[in-house]
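Letters are used for the chains, namely A, B, C, D and E, taken in the order the chains are written, and counting of residues starts over at 1 for each.
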Amino acid sequence: MPAESEIIIPLDVPKEAAETYRENYRRMTHGTGNLMLFAGDQKIEHLNADFYGEGISPDDAGPEHLFRIAKHARIGVFATQLGLIARYGSDYADLPYLVKLNSKTDLVKTAQRDPLSSELHHVQQAIDLRDRAGLDIMGVGYTVYLGSDYEAVMLYQAAQIVHRAHQHGLLTVLWMYPRGKAVPNEKDPHLIAGAAGVAAALGTDFAKVNAPQRDGVADSRLLKEATLASGRTKVVCAGGSRTDAKSFLQQLHDQIHLGGAAGNATGRNIHQLGLDEAVRMCNAISAITLDDASVDTALAIYQGR
Amino acid sequence: MPAESEIIIPLDVPKEAAETYRENYRRMTHGTGNLMLFAGDQKIEHLNADFYGEGISPDDAGPEHLFRIAKHARIGVFATQLGLIARYGSDYADLPYLVKLNSKTDLVKTAQRDPLSSELHHVQQAIDLRDRAGLDIMGVGYTVYLGSDYEAVMLYQAAQIVHRAHQHGLLTVLWMYPRGKAVPNEKDPHLIAGAAGVAAALGTDFAKVNAPQRDGVADSRLLKEATLASGRTKVVCAGGSRTDAKSFLQQLHDQIHLGGAAGNATGRNIHQLGLDEAVRMCNAISAITLDDASVDTALAIYQGR
Amino acid sequence: MPAESEIIIPLDVPKEAAETYRENYRRMTHGTGNLMLFAGDQKIEHLNADFYGEGISPDDAGPEHLFRIAKHARIGVFATQLGLIARYGSDYADLPYLVKLNSKTDLVKTAQRDPLSSELHHVQQAIDLRDRAGLDIMGVGYTVYLGSDYEAVMLYQAAQIVHRAHQHGLLTVLWMYPRGKAVPNEKDPHLIAGAAGVAAALGTDFAKVNAPQRDGVADSRLLKEATLASGRTKVVCAGGSRTDAKSFLQQLHDQIHLGGAAGNATGRNIHQLGLDEAVRMCNAISAITLDDASVDTALAIYQGR
Amino acid sequence: MPAESEIIIPLDVPKEAAETYRENYRRMTHGTGNLMLFAGDQKIEHLNADFYGEGISPDDAGPEHLFRIAKHARIGVFATQLGLIARYGSDYADLPYLVKLNSKTDLVKTAQRDPLSSELHHVQQAIDLRDRAGLDIMGVGYTVYLGSDYEAVMLYQAAQIVHRAHQHGLLTVLWMYPRGKAVPNEKDPHLIAGAAGVAAALGTDFAKVNAPQRDGVADSRLLKEATLASGRTKVVCAGGSRTDAKSFLQQLHDQIHLGGAAGNATGRNIHQLGLDEAVRMCNAISAITLDDASVDTALAIYQGR
Amino acid sequence: MPAESEIIIPLDVPKEAAETYRENYRRMTHGTGNLMLFAGDQKIEHLNADFYGEGISPDDAGPEHLFRIAKHARIGVFATQLGLIARYGSDYADLPYLVKLNSKTDLVKTAQRDPLSSELHHVQQAIDLRDRAGLDIMGVGYTVYLGSDYEAVMLYQAAQIVHRAHQHGLLTVLWMYPRGKAVPNEKDPHLIAGAAGVAAALGTDFAKVNAPQRDGVADSRLLKEATLASGRTKVVCAGGSRTDAKSFLQQLHDQIHLGGAAGNATGRNIHQLGLDEAVRMCNAISAITLDDASVDTALAIYQGR
């Protein structure tokens, strides 16, 4: 189990917000410096494809499933859009929330037009929801498509969001995805390391990147370049599309232990399961991420043994 | 007849606006949680095509027809642009209004350019009209074209409109229409469910969607995926183009009872009729939507029996 | 001669501006509800083509000609850009002004790029000129190109201009012109009626439309669909390109008596004449528009008989 | 020698700024109503092409040359960008300055993309420099490319700049250049007259236009249409590319006496000379523009006789 | 060794900020008027290509390497993005910082789309970081791509940044890079001189340009045209891609002594070395730039002799 991390408060957090930031950091990482992010922003990003269809639990057909999982499982933070949080928050007031500030659908493909995901809500609106409704909003998130024709818009919004969030003691997670006509291989380890470095230059606390591959084969050691490049900005890996539990947990363990990742951001591999199984999967992931558990231990948790 | 719905006030409604929101919700749904929306925004959306021509009552040639119907019929809310409301409101002060905040003409087709419908008026202007002129403005509406090249603009405006409307206790209805070069089949049930899920993530109270079809055939059971996906955001179905009364009412009944819809948003099937018949059609629709009437009962109302 | 119209004050005019609005309406329509608008915005719209060349009086070569006509003739309101009003206003302080808030040149043709005419000045700047310089500014005007790729920009600015003008008791005139690659026939009666309906939905007091044609032939009865569609928003017809006086006056008379128009907006058919003749033409037009004069009476006025 | 012009203060100059405006007008035109503008904005507009190369004095290689000329010669006003004024102003505090508010390089040709020259600085920033640093900033300038795809942006900025400058008593000069794919002949007299008319509609004090040509031949009488069209807005002619002194002075004399121009705006024909010769050229131009001198007299001044 | 430069404070620096400006200038140039800028903005500009790979020290894999060099070496100022400064500043509080306000990745090539690098942070945010966190932020930097289709955006932002930075006594460095489809030869000496002149017109203190070449061959004398053109704005040369130490130092010496440069901006030639060697390279560069050392002396410093 990792030692409690020493939290370095970035200087764009003003003195009056420093304690809030430290407390958010401590609680969001369970005092470990590692992050288990439960990603629930796909209702816009992937429309209903992740929630309904063959192989997906009927529990996942409605949005409350996400909240139920977040309530019953051990997670670091639950990331979703402000609208959903506002709608369900009164019944799920104690969840640790991260407001995903931008989102786009996947209808327009890169071949037609490079991706642009623009702010839906402003940091101040997340702050207001925290302060007025008393929700436990710990951070905000934003996706940057590097290499898109609209990169400049997203770099600007991301930089501003990090700056403003820090002003109020919120943590930030940037989804760093190279994508666009200019990006032939989104999984290239050198490119992903570049994306992690951009995240560092933007000053974010965490960067979510895709797992790198070489010649189409994932290898968690390839992540090492990125985790070095990002410096004090920590890297978490996207869970990606659905896979079997053991492979998934092994990959997660490798990303941390071989790749230097500080956690993971997982969505489909959790919420496409029925509630009970989803909770167990969360707990398994958290065991690896937060308790330095072995893959076998985690698998046992997942299997309810 | 459905039990009076329990109203869950979303957390972006501040405490001081909670009672206004609850009251708007209660009155707009006649205490049932279901919505009968009389759609009168087509003077921009369809120019004069819906108001003048063969098969359309001469009553429909001028805009006051819409106000007369709304006055004499039983409706949930009457949706139209702010300019019309300002112009006729002094003579129709007691109508339940929903201000449609964006609109576009249908002159530019998708083959030429993807649809962009941008704000005409701001939420604050609807609030001002409510507060200064004393009109009964209960909500605001906005259309989002998912999959358009301009999706980012509309997602942003929609999210902001929901947020600001809720700040003042107004209800929101989002017209969720997938449309653009990237959308080959606007009626696909899975896509419409995706649109309903986006509406939920945007935090709106109601989402208006088109009736889904499979292989070109409408089937209200196909709507079920969408009404699940939207969770606490309720789904109402667009009335669509003109059809015969019995089919129309049967479809509406099915959408609610088989599809899980919480009502309907109907325009042409009402206002293209002469005043008297239009009023009876409204009342028939409201009987199904608000009183849980059978199709036969509703048809009798329409026929004035 | 028409009875003095009863003025219905739209509800976006606040109470404190109601008397200003009513007085502007009364004076701009000479208490008749009908409008004779002298259009003098072509120095941007048509560059120097309307002011200099064969068949155009040398009087028209300089902008002061417009002000001289407006001073000596009987008109409802004189529409031109703020810059010209500011420059000549000190010598023509008593004219009834309408500030045309947007304009574009005709250099870029639709085949190259769809038309975009964007705000030059804000409503507040017209208000300031009224209040500080003591000019008799009664209203503002704006052109909307429906069906242009830039329609959304213009619909937004138009809606906002109407709203803000009304806040200060100013009247509004919208030039409603369908134009763009998506518009094959700008003179189509159904399309012009649609444009008039859009104007109503935008809440303007007056809409200026082109005279409709069927199969290339103008017929003022074709205007009836538009004057019905616009409801309480009144329709005035553009004077169009230069024609002989009798035909012009006959057309104007027909537009009012057969087409339901509430007046006209005439530029070239006035200012391309020498000062004296231009004044007589204005007076002839006003006789028909404001006094319900016959074509013969108006013609006699024009001919100075 | 022209009589002292009577200054008509436009009505967008508020009362409290009227005396400032009048004094700026009087001094900038040396009490004659005519303007000798020394144009020094080419470091952005033409990069280094106007300042370094064959036939250009080595004095011109650095920007201070412009300030030295302006200091030692008799000019109306020296136009250049705010950055240069800020950098050299402490050593040239008494020069009469006009801040050129927009500029673009000439790298992108019209064949690639229509010209867009957007604001670099705001009127308020010029005012601040005047008021805080005590510089003698008398006016602001701005270029409008009529017929460009971006015409709407520049018409808006120009209109706003004129309005705001007048609010503070500053004079305005608009460079009115038809340019773009839609403009086959920038020198067409009718088009230049149109541009002068647009300048009038924008309310500027002076419009700078290119010298018109017919069939490729310049004739100052062709300018007459423009100087009529612009009315109370005065027209000054661009000096254009380098030519011999006598032809240049003759052309200037003709533009005033045959074409009705109220002066000139000259850059390269001055600053490409060595300091001493440049000063004499300025003085020669001023003799014609401000003293109504003959060409021979002016030539003698230039030649130092 | 150069005499201590006399600092001319530009007039857009208000009186209350003059002493701050002077002190920043004095310290950033070590009292010499020359600038040694350590460029560390490549984590966005070049992604990870400059930091990881063959021939690059493993020290360079993480961002802290840049801070360590800046701490241990003699530099004028260390330029990097605000995010990185905020993240590491608490441990490197005494470094002389310049906040690079815009950046873009190099993924999208000019053949696909002309470069646009837009603001990430505002000058005020750099000021806040200086004032609240007590960091020694002396200036801000910004890149302008002249000749890009988006030139107007960058010229505007650059002009505004210079103006606002000066308001607070910060120095400014503009990276002036001609680039785009309209720029066939970025290294052309005449074009680079033009870029330096634009920098002067924008009012910046320093302009960073690429070393000019004729027929593909660099010659520091070619820089002379640029250093003349920029006047009181000083020119520093980009270090460019990695080269051997002796050639690099000779080139730097020539740029200053033959080309008139006031220093250099070097990144890769420093940070791709291990810490110790990087520090020695910095010191060697500073010896030439700040102490007027010979190439041999500088080389001895680099070699640790």
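Things worth noting here:
Following the convention adopted for this analysis, contacts are C-beta pairs under 8 Å (C-beta built on N, C-alpha and C of every residue); 3 or more make two chains touch, one makes a residue touch a chain.
Keep in mind it's a predicted model, so treat the numbers as computed, not measured.
Between the contact lists of subunit C and subunit D, the overlap is empty.
Relative orientation of subunit C with respect to subunit E corresponds to a rotation of 145°, obtained by superposing CA atoms and rounded to a multiple of 5.
Remark: subunit D and subunit E have CA centroids separated by 35 Å (rounded to whole angstrom).
Measuring from the averaged C-alpha position of subunit A to that of subunit D gives a distance of 57 Å. For subunit C, the set of residues that touch two or more other chains is empty.
Under the stated contact rule, the graph of chain-to-chain touches is a ring, a single cycle where every chain has exactly two partners. Interface of subunit A with subunit B (complex): residues 41, 43-44, 47-49, 51-53, 61-64, 80-91, 103-105, 107-109, 112-113, 116-121, 125, 129, 132-133, 135. Per the touch definition, subunit A reaches subunit E in the complex via residues 8-12, 14-15, 146-149, 151-153, 155-156, 159-160, 162-163, 166, 178, 180-183, 190-191, 193-198, 200-204, 225, 228-233.
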